[in-house]
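All remarks here apply to the structure that follows.
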Amino acid sequence: MKIKTIKLTYEEIMCSAASRELNDGDVVFVGQGYPILAALLAKKSGKNLTLIMEGGIIEFNLYRPPIHIADMTAMKGCAASCELIEIFGYYLFGGYFDVGFLGASQIDKYGNINTSFQRFPDKRIAGSGGANEIGGYAKRIVIMMRHGRFVNELPYITTPGWLKGGNSREEAGLPGGPHAVITQKGVFKFEKDTKEIYLESIHPKVNLKKLLRSVPWDLKVADDLKQTPLPTQEELDILRTWAPGVSIGRARWGFRQLEFLKQLAEERKQRNLKYEQKFSN
Amino acid sequence: MINESPKLMSTKEAIKKFVHDGDTLSITSCGTAGPYALIHEIIRQKKKNLTAVQATCMHELDLLAGCGCLKKVISSWSYRIVKGQRAFDRGVVEYNIEVQDYTNYTVAAMLMAGALNLPFFPAKPSILYTDIWNRHKEGMFKLIDNPFNPKEKVLLVPAIKPDVAIVHCQRVDQDGNAQLWGALGTVKHGALASKRIIVSAEEMVPREVVRLSPNNTIIPGFRVDAICIEPWGAHPSEVLGYYDMDRMMVGLYSAASVSKSLFSSWVDEWIYNIEDRYHYIEHYTDVYGMQPLHKLRARVYPSASVNLGSSFLKDMELLELKMDDILDAPEMFEVEVDEN
Amino acid sequence: MKIKTIKLTYEEIMCSAASRELNDGDVVFVGQGYPILAALLAKKSGKNLTLIMEGGIIEFNLYRPPIHIADMTAMKGCAASCELIEIFGYYLFGGYFDVGFLGASQIDKYGNINTSFQRFPDKRIAGSGGANEIGGYAKRIVIMMRHGRFVNELPYITTPGWLKGGNSREEAGLPGGPHAVITQKGVFKFEKDTKEIYLESIHPKVNLKKLLRSVPWDLKVADDLKQTPLPTQEELDILRTWAPGVSIGRARWGFRQLEFLKQLAEERKQRNLKYEQKFSN
Amino acid sequence: MINESPKLMSTKEAIKKFVHDGDTLSITSCGTAGPYALIHEIIRQKKKNLTAVQATCMHELDLLAGCGCLKKVISSWSYRIVKGQRAFDRGVVEYNIEVQDYTNYTVAAMLMAGALNLPFFPAKPSILYTDIWNRHKEGMFKLIDNPFNPKEKVLLVPAIKPDVAIVHCQRVDQDGNAQLWGALGTVKHGALASKRIIVSAEEMVPREVVRLSPNNTIIPGFRVDAICIEPWGAHPSEVLGYYDMDRMMVGLYSAASVSKSLFSSWVDEWIYNIEDRYHYIEHYTDVYGMQPLHKLRARVYPSASVNLGSSFLKDMELLELKMDDILDAPEMFEVEVDEN
């Protein structure tokens, strides 16, 4: 046995774990941020995926991490471009999306989601975006929740999960449903009959007790709770060279960019000053 | 390489596999690019009891009705250039075909509702002042109160979800991404409303070509069930950029359609006694020579390009951040892994 | 005064008269056949028209007379191509068509139309095509009726005109309405208040009494009934070189083409026969 | 020649003429190609009490709300990359802006119903299980029995008919035919649903270019009221084939948005103290130099052409029929005309 020490982040584990929830041949509706990174890893591992973004981009290549739903970095070399309503009507409502890949800021026991609305209940854009209908009509919903948390009662529901559990979603006439939730602590699935969420695997070095305490109900845990597999070195290399902002945190990456811009402005100002002095002499 | 596609098959195989007796058949063309290679094969395979949906047709429905393939027609217009009873009119009597008359808009609206997977679509009240309404009324339409404006009535048409669509388009890649340009008629909704989609195309092109013209893709590959490559597949109708309508052949057919025996000889000669589209065109050139086809061929008149470029050049843009920077980030933690 | 004798047909007079019903700047929804010829003449006379066909062709050029609603001869050099439902929804229903140019096989006193349905009330495609909604929502309807006739009661109404006259169309909530009817005998307009049709001008050499007898009600005639102006020589030249089938009748033109095809087949058969004889010897 | 168009005007003139206080404003972009030149001018002209409709926005609504132009917002998503109260959040309180939350689909559906001039559009029942429904219910949606299937309920959203739409696209001709390619988002319906349409474009091209790419035209000229030529008109968002998003400028704006005073300085510097888009870009290069803009410029990656050709070559195909043949036709009759 040869032991090696590697350095990594929980975000990297999340992306790798999420990529394993995608199957060969899947048509995947991808949200921005972490979902897109997970999709990239799945593609790089040889899975044939059709990636779709709601701005109207079908079967696109990943040149750069897109940051919004109609990001032009995804348009170069895509197989079809169309309108937003077409993505929803023709393909999502028709049941052609195998996977709907969503982010969440809050989630309850049955995978119901609050996408982003939190503090000003009457005064903000709720922020469902496309998530409501994607959660309603994709066959499998995979949810990546990084900063969010589990709550007993959502202050604002934007996206239906398994509703009240059991058959309630089916009875409501909604197909599909949540399949997995991936957080910085572990991978969660849903019980077949009750549709209650349970912990399927825990990320390395995460304290199970702490994790359980962070969930406001008595969280179920798989009998054969495993440790979430680590990303391979190849996966880490891809993430770090392709989307370093994700590995080290988007805020820091953004901050670095801003510093660069301020420096540029300062240099420019100095240069202009020199010119002015030169010509005023 | 280009032909390696599990969806690629002969027209014979595609019709056999995906068109069943009793199906609702969406004939997606609306004048231009009639899917005649596919229509002829349906007739050759003697499919029965089909319900055909097509807004405006050339002689697609005339052929299918005359050959006994139909039990019902949902349409709004049929091209006629000769007087007299056509094969369609005789077929309606002989095979007791039910004919539901709509307007171009309402057929298009029913297909659009089907394509968008919505239950119905609003129509306009101009239909209320016609015999289309007087004859069918609530059998085909519903008149409801507008819940947003109680003073107003709104006419609705239901969504149609055909079992199978037949489409002829200009080009397709091995994934089934189907590209159509020019007047789009009802092709996209006629196809996407349907559960199964058979695409015949003038040519197969490499993936790269489709990916350099994504705005021309009207059906993404994952929705397509069968790809059939049929040059001249829409003859005697036209395909923009490939060939004009063969007006003389259309005239010849029309002249035959008004007589039971002439129609019978026509379908024997051009459909039943012909194996496939390749032999259809061979037969055509046997009879008329290459000259008429040559005269129909489209000249080159290439579209103006648009720039699909972004600022990056590489296949994957790698950002300029030093790996050390990343590994120094406070979020990083260490784990031990077994290298084996 | 210098008198000259010219030869012409009533179809040519119809096209010329119809072209005068189009105004500079009009957005025109054109039907096939005669309407397209009238539009050509109006364009050639310098009127700036936006021509639209329901198959999805906007602002097209006339290279050859198109024979159906998505004819590719109209696609070369058009300003926009789109779907059929877009033509209806976006532009027709929105009130953006100044003129709807229709054919008719039967028409009543108030301009209500039967497009083509006549003999087998239960067994044919009614044949409204796009005419119903065009008649319902274009601002001015111009109707060209060549083979059709005026009837007291339409056996099948496909397209609303002024309904029962007076305000009945307005009360039904339909905008616009029939503006002119052009037949092989004359040009008809509608009374401002009653919306009843009347003869505005009569084509040369048409017998007024005969015309009146051919209408099954007591047709009103303009006080200042004029003779329909003749096409100019330029108009005749355009029609005859561009669409000879129209000047001499489409049937004869078609027949001529069929004769040509049959001749071609015969020649080909003879040639094949020679080959066969040659190689069988 | 190319600039001879009665619809061509400065952005200042277009906003003055076609955007009025109290209007419902359709911001047609959905992430890509934000109409920032037009937005900045609306702010500069201090338009008031606007109702803004936009499915998914970058910081268009943040700017408008923060500058006091809005009284109501109909939207479903707003891009946020920083935490904290943004200009939008402060504006909502300060100017008492009403916020109606929908989903991307329902905003798109309301605009599509408006564009198609239909009274309403069906939505999907997934909304019934959310607080979007619990909060607004019949105030925004209607739940009716499906008249075609009485067991089923159908949720409807009403058509929106905005007073004026602002669109930024790649190219336009002197007739106003506006061309957009890439992801189309909600641009077409956002524009066509509106009574008036202002188009700003990266460049004006000769008519011939548009007529060689008719499938890229999303708004026909006769629907366009004003044409404004604004290179870099979508900066800091991106325009496919022209330039990438200026992520740093977006970051700079976002960082300013979370502070009242920083926001105020930002809009002074980049909007109020700037005359027009030309000077905006000049100011940008004054501050940061040309280098950042150069890095954003799109490389050439031309789309694959399609053939728009037909079999005929000439401008007008003259048929080969002898004039004598025509004059001999029995339909011909003689009349005398005065040649003068």
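When the chains are written out, they are named A, B, C and D in that same order, and each has its own residue count from 1.
Rule of thumb we're sticking to: contacts are C-beta pairs under 8 Å (C-beta built on N, C-alpha and C of every residue); 3 or more make two chains touch, one makes a residue touch a chain.
These figures come from a predicted structure and were not determined experimentally.
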From subunit A, the most remote chain by mean C-alpha position: C
Approximate Å spacing (C-alpha centroids) for the pair subunit C, subunit D: 37
Chain centre separation in whole Å, for subunit D relative to subunit B (CA means): 31
For subunit A paired with subunit C, centre-to-centre distance based on mean C-alpha positions, whole Å: 58
Residue numbers of subunit D (touch at least two other chains): 118, 181-182, 212, 215, 238, 240, 244, 301, 308-310, 312
Junction residues of subunit C, two or more chains touched: 72-73, 75-76, 81, 85, 89, 93
Topology of the chain contact graph, where touching chains are joined (line, ring, star, complete, other): other
Pairwise chain contacts, counting only pairs that touch as defined: A-B, A-D, B-C, B-D, C-D
In the complex with subunit D, residue positions of subunit A that touch it: 53-57, 67-76, 81-85, 88-89, 93, 112, 116-117, 120, 122-133, 135-137, 154, 156-160, 163, 172-174, 250, 254, 257-258, 260-261, 264-265, 268-269, 272
Subunit B - residues contacting subunit A, complex: 115-118, 173, 175, 177, 192, 207, 210-212, 214-215, 217-218, 220-223, 308-310, 312, 314-319, 321, 323, 325-327, 329, 331-340
Residues on subunit D engaged by subunit A in the complex (per definition of touch): 30-32, 55-56, 58, 61, 73, 75-81, 88-89, 92-93, 97, 99, 101-105, 108-109, 112, 124-132, 134, 181-189, 238-240, 244-245, 247-249, 251-252, 255, 286-289, 291-292, 301
For the subunit A and subunit B complex, residues of the former touching the latter: 1-11, 27, 50, 58-59, 61-64, 72-73, 75-81, 85, 89-91, 93-94, 96, 204-205, 230, 240-245, 247-249, 252-253
Residue numbers on subunit B that touch subunit D, as the complex places them: 113, 118-122, 142, 144, 146-149, 152, 154, 156, 158, 170, 179, 181-182, 208-209, 212-213, 215-216, 238, 240-244, 295-313
